[in-house]
Amino acid sequence: MIYVQVALDGLIVGLMFALVAMGLSLIYGIMDVVNFAHGEFMMIAMYASFFMWTYLGFDPLLSSPIIAVCMFGFGVLIYRWLGKYLVGATLIPQVFATFGLMVFMQAGANFLWKADTRTLPENWSSGLFQFDGLFFNMAELVAAGGALATAVLMFWFINRTETGLALQATAEDQQAARLLGIDTDRMFAIAWGLSAATIGIGGVLLSTYYVINPLVGVKWVLPAFVAVAIGGFGSVLGAFYGGIIIGLIQVGGGFLTSANYKTLFAYGLFLLIVLVRPHGLMGRK
Amino acid sequence: MNPASGETLRVEGVPWWVVVGGLGALIAYPLVFTMPFHQHIVIMALLYGTLGTAWNILGGYTGQVSIGHGVYYGIGAYTAAYFYVNFGLSPWVSWPLALMIAFVAAFVIGLPTFRLRGHYFVLASVFIAEAVYIIISNWDMVGGAIGLEYPIHRAESSLDALWHLQFHKSKLPYYYGILTLFVASVFVSWRIRFRPLGYFLKAVSEEQDAARSLGVDIARYKMVALLISVLFTTLCGMFYAQYVMYVEPVNTMSLIVSLEIAFIAIFGGIKTLWGPVLGAFIIIPVTEFLRANFSGHIALDQSALAEGGIGAWVDYYMAGGGGNVDLLVYGLLIIIIARFQPNGVIGFFHRFD
Amino acid sequence: MRYKTLIIGLVATTVLAMGNPAGAEDARVGVLMPTSGGAAKSGQETLEAVKLAVDIINNVYDIDLPFARTKGLPNHGGAKIKMFTEDHGGRPERGRAIAERLITQDKVHILQGAFHSSVASPSSQVAEKMGIPYVTGTSESPALTARGFKTFFSATPTANDIARDFFTFLKEVRASSGVPAKKLAIMHINDVWGTGLSKAATAIYKDYGFTEIQKIGYPPSVADLKSEVLQLKQANPDVVLQAAFDADAILSVRTYQALQFEPKAILAMGAGFASPTFIKALGKNADYNYSHTKFHDALGEKRPAVGQVSAEFKKRTGKPIWDAPARAFTGMMVVADALNRAKSFSPEDILAALRATDIKGSDLIVPYRGVRFNSKGQNELANGLITQIQGGKHYPVWPSGVATKKAVFPAPPWNKR
């Protein structure tokens, strides 16, 4: 029975990783840039959720659409300020620039809000959920559900709306997209905005049961990188599956052997996969 | 570079007399600046200059960006520490073993990962380094998370101190030791850059498919670059262990260390000889300065606002530690350089075609 | 840009990195703390406490502590303590460099630090090399004093003491409640500090009637603790010893609750469990957890200084004082006491004064019986107390001399809370 628990817990964690990974994959897919500061967007969204609760009394459910919109705008801003210059850049300046952004954002968070760990008090989604000998934190279930919903929303957007298709076109072939009259600059901005918005939602969902401090983004983003790499850069669906896989491996692997090694399994799987399929499971060339 | 024609001999654009003068200044520096802290800054700059230069051979010249060099650094540090602490064997004896282990690791890591392109290689290097870090953190034989601490050895004579590579009366031996390593690495880097090997590496870096079609053995060249890079990195690790006398996973092979090594080179300018050197000699003194003057400053009467008030400085990553000011500045610096001078600081001195 | 500009710039930067001089008669104390990095929050508050101590010593305060009602060090004509501090961010090589700089440039007479034992180690090595005294109020690794340094003094109990206190308490509470407890688990963050507890407990658990031990460590950077807690659940220990910082402490208890993991007792080595954030975040789920701590307001009943310092700390920081800051505060008081008794501020005189330290327990804000160093520099009168959270507050439950409430053992199951 405990194995079912392990598997389900892995799934729950995996859905959160999946949400984080999808945003990463989006930016990469469209402009070949890996945003190392991705986790920091999540961190900011978590703080936003915290402050909205503390000062405005907004429940996370209420504040999530507001924060999603704000994060979208923030993502666009970052694109205009920095991301724009990374289009077509080689690997190193990208890594360099987004890493600098990460350092800056973490430092900024520390500066403004100190290193203290904060939490949201209990809200409507707190409490336990029991089912047939299985135990779950209700807030986590809600968050996992929310992550899934957001993922579905994102897929719908990318595949069924005009803007989404334009995004895909730009990802496929920038030149051709431009020839078709697509404003690639706008597409890039939208990608960054979407990426920030989705991980922002993830942050708000997390804030209902997780801890908030300046270092929280890094914890979630590193496994997400593995997820994207496994799923294959450029494939949002791949990132989604990758996230789930990583969640399962981490919880399962850590449980079966030693918790100390749980991240090892994710890394090991990554290495295994890329050695056989150098572009991940579903990645683009 | 033909002196006969009256043109000044230049080492990658730098006139020979500047190079010689710089070396002379480095040699004379600790004799003029005798405060241990001032010597320490340059020792660290030399250490990272060596690490950056070594990294650059693989990352810059060959285009294989590794954010996992901490593995080799750590191998050097841990081998030196382990054999000294447990068997009293000085690094003079253990260095071949350290290099052997490092080379084996390089093979094991390099061979499978070299066929990965772009971001995949970077991430693979990160994950492998993290994996090694986790394994070492849990390996009791080398102290696990606690690491290994050197016993203080009070040397009876200079020769004894030299054997144990522990110098307590003065930093000079450390300084000249790392200076030698530094010069050697720069020299090797120079010889590679402007010689056939360098051109092959460049070909591998930029036009891999074309090179392969011309019959260039890609894998072999990448491995050569890796091994040279690893050689110096491992030796630096051994130096570090002897200098700090305390090795533990975080300060020798964590992701932070790997990032620092890569960044010194990237910041200064990869693909060039002097870039990493420049990077080290800018970043290290600047971050030391910022931290020495801006850390520990917490207002005693901090605003009583429970949350959200502007408060203490904190840093997480990098050599910063001056708290936030340091990291804010550092992050900003990186972003600015990356945006305006993506070729690194050396771009201010060089024009890149 | 020309080369000259660059060179001048580099030289200027290096020159500017030099330290700053201060008054000649002042006592100069170097303090190493992490105000950045993973332990930043604790480090910041700990540094605040040290600064508070310096302020109390240097100025006049209406507090029942030595040096409070006088200005500066009385035996030295009111000489003030001038504090020099730099952040080491938890990195040993920085600690080493900082110690060197503090000694050679800022010319400190004595060092205090460093919170992280991994930083205390090399920085005190430097001090030992140069013959400068080093006092730690916060670094708990037993290895530090085991080195037998001539210049190193530890005022705080070590991980060995903490483990011993835990087991003594467990033995007592097992006997008094009649509830058996044989299986032990140690859940710890896998760093120097957490592993210290694990080692200490592994060495002695058998002597206290425990038959099985399960050690679960997790890396500091981990995002979730599910597999750890699931393993714990499967192992089903009676008692869990835990070493965690703020974030993982909160996360672990939340996961315990979510997975309904309910051992008879969870005893934590201070830090995350003792910090006020813990109760704030968990509400009533924080109840029944034990912390080994060296500070509690209840001590204020017998020692008024406890309450006075606590109020002063709250005034400055808006937060209540707790374990680590209180111990750092004590460290600085020990430093001041030695400086005061020393014939001069020369290293030898300060060392002699330190060796002769004999501070009464009533002059401290921590529950130590006093401060007296043995031949290895360890305070043999250091001890802590164990508190249990009941109804959202910490109450001392051990040792009996300080206990204000009885321990609730075993902890009631989750669904009965």
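As written, the chains take the letters A, B and C, and residue 1 is the first residue of each chain.
As a working rule, contacts are C-beta pairs under 8 Å (C-beta built on N, C-alpha and C of every residue); 3 or more make two chains touch, one makes a residue touch a chain.
Small disclaimer: the values here were computed from a predicted structure and weren't measured.
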| item | value |
| --- | --- |
| Taking each chain's C-alpha mean as its centre, the one farthest from subunit A | C |
| Which of A-C and B-C has more C-beta contact pairs | B-C |
| Subunit B and subunit C, separation of their C-alpha mean positions in angstrom | 34 |
| Between subunit A and subunit C, centroid-to-centroid distance (C-alpha), Å | 37 |
| Set of subunit C residues in contact with two or more other chains | 36, 38, 40-41, 44, 190, 217, 219 |
| Residues of subunit B whose C-beta touches two or more other chains | 134, 137-138, 311-316, 320, 323-324, 327 |
| Sites on subunit A at which at least two other chains make contact | 110, 114-116, 118, 215, 218, 222, 258, 260, 263 |
| In the complex with subunit A, residue positions of subunit C that touch it | 36, 38, 40-41, 44, 190, 216-219, 221-228, 230-231, 233-234, 246-247, 250-251, 254-255, 257-260, 277, 280-281, 283 |
| In the complex with subunit B, residue positions of subunit A that touch it | 28, 34, 51, 54, 82, 85, 89-93, 95-97, 99-108, 110-116, 118, 214-215, 218, 222, 225-226, 229, 233, 258, 260-261, 263-264, 266-268, 270-271, 274-275, 278-280 |
| Residues of subunit B that touch subunit C when the two form their complex | 14, 18, 33, 35-38, 40-42, 44, 134, 137-138, 144-147, 149, 152, 168, 240, 243-246, 248, 250-251, 281-282, 285-286, 288-289, 291-293, 295-296, 298, 300-306, 311-316, 320-324, 327, 348-349 |
| Complex contacts: residues of subunit B adjacent to subunit A | 59, 65, 67, 112-113, 115-120, 122-124, 126-128, 130-131, 134-135, 137-138, 259, 263, 266-267, 270, 307-318, 320, 323-324, 327-328, 330-335, 337-339, 342 |
| Residue ranges of subunit C touching subunit B (in the complex, touch as defined) | 1, 3, 10, 13-14, 16-19, 31, 33, 35-38, 40-41, 44, 47-48, 51-52, 55, 85-94, 96-97, 100-101, 104-105, 118, 121-122, 125, 128-129, 141, 143, 190-192, 194-196, 217, 219, 315-319 |
